[in-house]
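Each of the next two complexes has chain A plus one other chain: chain B in the first, chain C in the second.
Moving on to the complex of A and B:
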């Protein structure tokens, strides 16, 4: 095995949850609100079903191949050539998705704080830190979110709590004015975040208490859904229909706060939350991609793969993405769904079919694992 | 005396490592040029020493005396006293003047042997019987005998006996036991370690009257042969931990070991990190409490500082006083300490970042005041901060190094430099002086001195990051420090435990200091060896409930 470290199910779910929340908290409200309007808080609830299916798929695959990542069991399921091809395509997806996150982050910092700093300085510094995390091994990747969770929660509450006074719940009515369709379109746009859960597969083999895996992973989806919903409710009830006009409504929320004349302009806190979250998100993807790449090419260690993947991420984040809105464009959503959700699901289906045929052929197949 | 493992260290490499050819050439050319008689090369000298040391003790006294005289040639402080035992064989005593108690030699050794004598018996037993000193040992080769002499023992050799009798009569001029100046407490014991290993182990023995307190000896250094002990409590400390320390100590092969801080560099996990990975303390009560928690300590002769391992970060944020004050107060003080250690790291960089990039964060009225005071300052905030922080560090260092008599002058000048004079000269602004002062005070709140230095050190790179990228730079550099701390290990224990990885059962004595009756389990570091229960609280609880 390339990794000797072990992580707990709790660390695992916090890592996954914070990674998915990373960019969605800041940019999602503006994007979802375009179609969903006052129903935007329902969209995360719709999309959570996709999250549940994805997590369940990964869980089933992990039960079938407890010590393997997607890159490895793709070969076991599809055979050597097709398996390696699918694995390589999946790795490109992981790298691209991570680069996309980096780009969103760089744009945010450039637009709001460091107006004259070149793009690659911002993304390069960020990648240096992520490189440090990823090369320190899975234990560090998984412990970092756990350690920072209280801090991030505190910061988020610091933004939410003062805005309670400005909440107007009547802005949420009428609920489902035009039926479920607007919120479903919003949910569709959210699809560019949920597939990040699929990167979980790189971490699942290294859990030390695997029997809690399903509960903790599903719990992670639930927490992500609720956090998104609550954020959407607060953002919409405070800002109202104007949400659509802002790229970063969460930031507007922070700017809005004036507490005893002293706590004003908490934008810097939003930035701190975001830097922490993005470090977690990128190292989540970076470590997964490096490990997968090493497994795909049969290397003896994943660490040599980290710097080249860092460079690829930097490159992808500057190339081919015109602006941050690109994230929620239909072509991106389809691409994300195809690789982040359909691919694991298809693998499970093929595995199931093979299992059906294998049962009649060889009784020695490891079915004890799957029936559990 | 001596543990099997240290045999290698004691073995005849009583000289420097084999010399390089360059050394030899230099030496020979110098000798042929300047002196008429050719002096021996390094290799010859060392070989001669080894040859002498490797000899067994001879039956003939004169041979032994010759060897010892050759070994101790040009040693003016070594006394070789030849005499005849009354009605017995010829004998000699060898000792180092100043390291032994001469009065005891006269009354217990010489008087017995020269006056009473062995009444014709020439055997070893008769001599042993005659001398009235209990601390006696026998060795049978020159090397061991010489080692014992070096430790301040008296060696007695007699004609016809092939072993040397070693009498422990060592006597040292010592500093008295006093309160360690770097670790003072208001309430609690005021004893501190001294430079003698024996006194230090006895200070621990006085607190732990149990045979399970083990002191495993080691000898480190080819020339210094420093006596070093690993102290632990058998049954509480993990044997694997003791073994690990033994194996790390056994690879140390140096000329001399002058202080435990040199041992620290050899045994720590990551020598490149600025953070201390072993705890150093001068207080026997601190060492005792750590021993009771299952840690191990290393003490060395000549050093008043004990090393404690494993030492996670949070254990170094504890002061002994935490345990001598009431738990609520101690928790409050501990939080204060942590808050200020964050301030010590981030305050100057935060000031730089906010002034250079995020002025909107400052409330308007305060911003106006700051702007007013910075009006005539020629430097950007970063330069100003670096200037002041470096000046402060220089003054702090000068305060330690300068002789006492000059010290007060420096503090007066220092107060002017970092103070009103600097402000009125228009070099720094008054808020900056405030920031430096707060940072300076807060960095001294950290109880562990080497951790304090580490924290003061890392704030400079963070300041540079803040100057380059503002708050973004601070957050990134803070994350780098955090990641470094997370990957550090001290003897297999994660440096940030029990926070990362989170061990909820062991938080009783980290962020807070709970009532001592609640700390009924010991901390658990690594391995399966874990003696869990450390106190019985059911009787106490029963009494409280009545």
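Moving on to the complex of A and C:
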């Protein structure tokens, strides 16, 4: 095994939850609102079902191959050639998804705070931190979110609490004016976030209390769904129909806060939340990609893979993405769904079929060792 | 031999670190290479947008020029901010961004929009379209969503350049006035939000300048925006009616004869709550305006004995009538013009989404036909420090 460290199920679920929430808090409201409008808070609830299925799939695969990541059990399930190919494609997806997050981060910082700083410097500084986190091993990657969670919670509450005064709940009516379709389209757009849960597979083998795995992972999905839903409610009840006009409604919310004319200009808090979350999200992907890459090519350690993958992420984020509209474009959603959701699911299906044949062909064949 | 090689390798490594460390530290020396100090900025406190004669946009900005902090310690004893100046600059451009860029050409300091709390549209521009400036104000990362919007009665420039004796500058004066909320107080975000709602209308307060000496700008009246241009104008009294409908009345003083032919009495409303309740029966659309208000008696010059409960009730009915007539005046005006700036559309959309979807297209013709009913409940909770005040009333009564 390339990784000697062990993490707990709680750390694992906080890591996954915060990673998925990272970019969604800031950019999702504006994107989901385009179609869902006042029903936007329903969209996360729809899409949580996809999250549950994904987590359950990963859990099942992990039960079949307790000590392996997706990269390894893809080979076990599909055979050497197909398995390695699928694993490599999946790794490209992980790297691309992480680069996408980095690009969103860079765009936001460049648009709102550091107007004249070059892209490269912003992305580079961020990657430098993530490189340090990822190369320190799984324990650092997983404990960092746990350490920072109280801070992020505090900051988020500092934005929600003063906005309560501006909330007008009647803005949420009429609920489901045009049926479920608008909120479903919103949910479809959220599919560019939920597949990030699939990166969990790189961490699942290193849990020390695996019997809690399923509950903690499902809990993670529940918390992500609720956080998104509550954020959407607050954003829409404060900003109203104008949410659609803004790229970062969450930041507008923070800027709009004027609590007794004293607590104003809270956008720097948004920046702090954002930076912390992005560090966690990128290290989550970076560590996963490095570990997967090492396993895919049969290296003896994953650490040498971290700097090249950092480079790839940086280049993908600057060159691979054309403009700011990439986050929710249908092709992106399809790509994410294909690799983040369909791939694990198909692996499980193939595994199930193989089990079936293995059982009928030669009864008594030990489970999980169909092709070793 | 091996020992010495080992030692020399260590020596080389040590000296490498010794050279590298100061070099790394040197990277920090660049420190503030891109610093922006306060005296590099031209801080905009208010901006006025006017339509120039050739169809271009004339931008007039009020700049706050902070005096550089004096190096002497003694200067702090003189009144702070006395040397801070407010100056006015103008530029004309094809659109707002162009005007801002041209303005920058004429400035030795970088324009900074982050402190701009007041934006004023000239009347002519408002009548053409507020689309351009609004797009600039929301797209640009600096102007704040809570900044106040106004439409001026005449040129916006007049108000921007007006010098106030009390506050720091006219922007501050207007903002404070808006906060007191005798008229509307609308932020950029609110206007954008209202424009995005079903009726696509918004209301923006009007700033007028009192033409008598001394000239004072004040918030008097409202402009209703429809299709991004000024569509109707309300005076101060009609604005009060609008505020009642929008549930934005925080406090109000109502004055009326205590009974027909009697002297005036006034109440001070300190708590008010209004609600629009739409209803559709068959093809008949109606709107119920439900208001609950609590007030104190402020003045009673009439001979009405307000220590008797029946008289207090009578007075309450009188003032309820006053509120109703105020609101009704605004409603009638809106219905005559056929422009729904009262927020009725939004209420029907919320409570009758299916009916609304069908009626949405011909809303402009349907809106004037809506029957508006009122249910107003005003309570006079306290009579003030004096009760009947017999001394004054006997004296006053004899004279009249």
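One rule holds for everything that comes next: the second predicted complex is superposed on the first by the 361 of 372 C-alpha atoms of A that agree within 3 Å, B and C clash if a C-alpha of one lies under 4 Å from a C-alpha of the other, contacts with A are read in each partner's own complex, and residues count from 1 in each chain.
One rule holds for everything that comes next: contacts are C-beta pairs under 8 Å (C-beta built on N, C-alpha and C of every residue); 3 or more make two chains touch, one makes a residue touch a chain.
Keep in mind that this is a model prediction, so the values were computed, not measured.
Asks: Please work out whether A:241 is in contact with chain B alone, chain C alone, both, or neither, and reply first, second, both or neither.
Replies: second
Asks: Could you look at A:177 and tell me whether it touches chain B, chain C, both or neither (first, second, both, neither)?
Replies: The answer is second: A:177 touches chain C but not chain B.
Asks: In the superposed arrangement, does A:132 touch chain B (first), chain C (second), both or neither?
Replies: first
Asks: Look at A:276 in the shared chain and tell me whether it touches chain B only, chain C only, both, or neither; answer first, second, both or neither.
Replies: Touch status of A:276: first partner only.
Asks: Under the stated touch criterion, which partner chain does A:116 make contact with: chain B (first), chain C (second), both, or neither?
Replies: Once the two structures are laid over each other on A, A:116 reaches chain C alone.
Asks: Name the contact category of A:140: first (chain B only), second (chain C only), both, or neither.
Replies: Touch partner of A:140: chain B, not chain C.
Asks: Under the contact rule defined above, give the chain A residues that sit at the interface with chain B and also at the interface with chain C.
Replies: Common interface on chain A, chain B vs chain C: 264.
Asks: Given the complex with chain C, which residues does chain A contribute to the contact?
Replies: Interface residues on chain A, with respect to chain C: 111-112, 115-116, 170, 173-174, 177, 239-242, 244-246, 252, 255-256, 258, 264.
Asks: Going by the contact rule at the top, pick out the chain B residues touching chain A in the complex.
Replies: That would be residues 357-358, 360-361, 363, 469-473, 475-476, 479-480, 482-484, 486-487, 496, 499-502 of chain B.
Asks: With touch defined as at the start, can you tell me which chain A residues reach chain B in the complex?
Replies: Result: residues 8, 11, 109, 113-114, 117, 121-122, 125-126, 128-129, 132-133, 136-137, 139-140, 143-144, 146-148, 261-262, 264-265, 267-268, 271-272, 275-276, 279 of chain A touch chain B.
Asks: Would you pull the chain C residues touching chain A in the complex into a rising list?
Replies: Result: residues 34, 138, 141, 144-146, 187, 189, 192-193, 195-197, 349-351, 353, 357 of chain C touch chain A.
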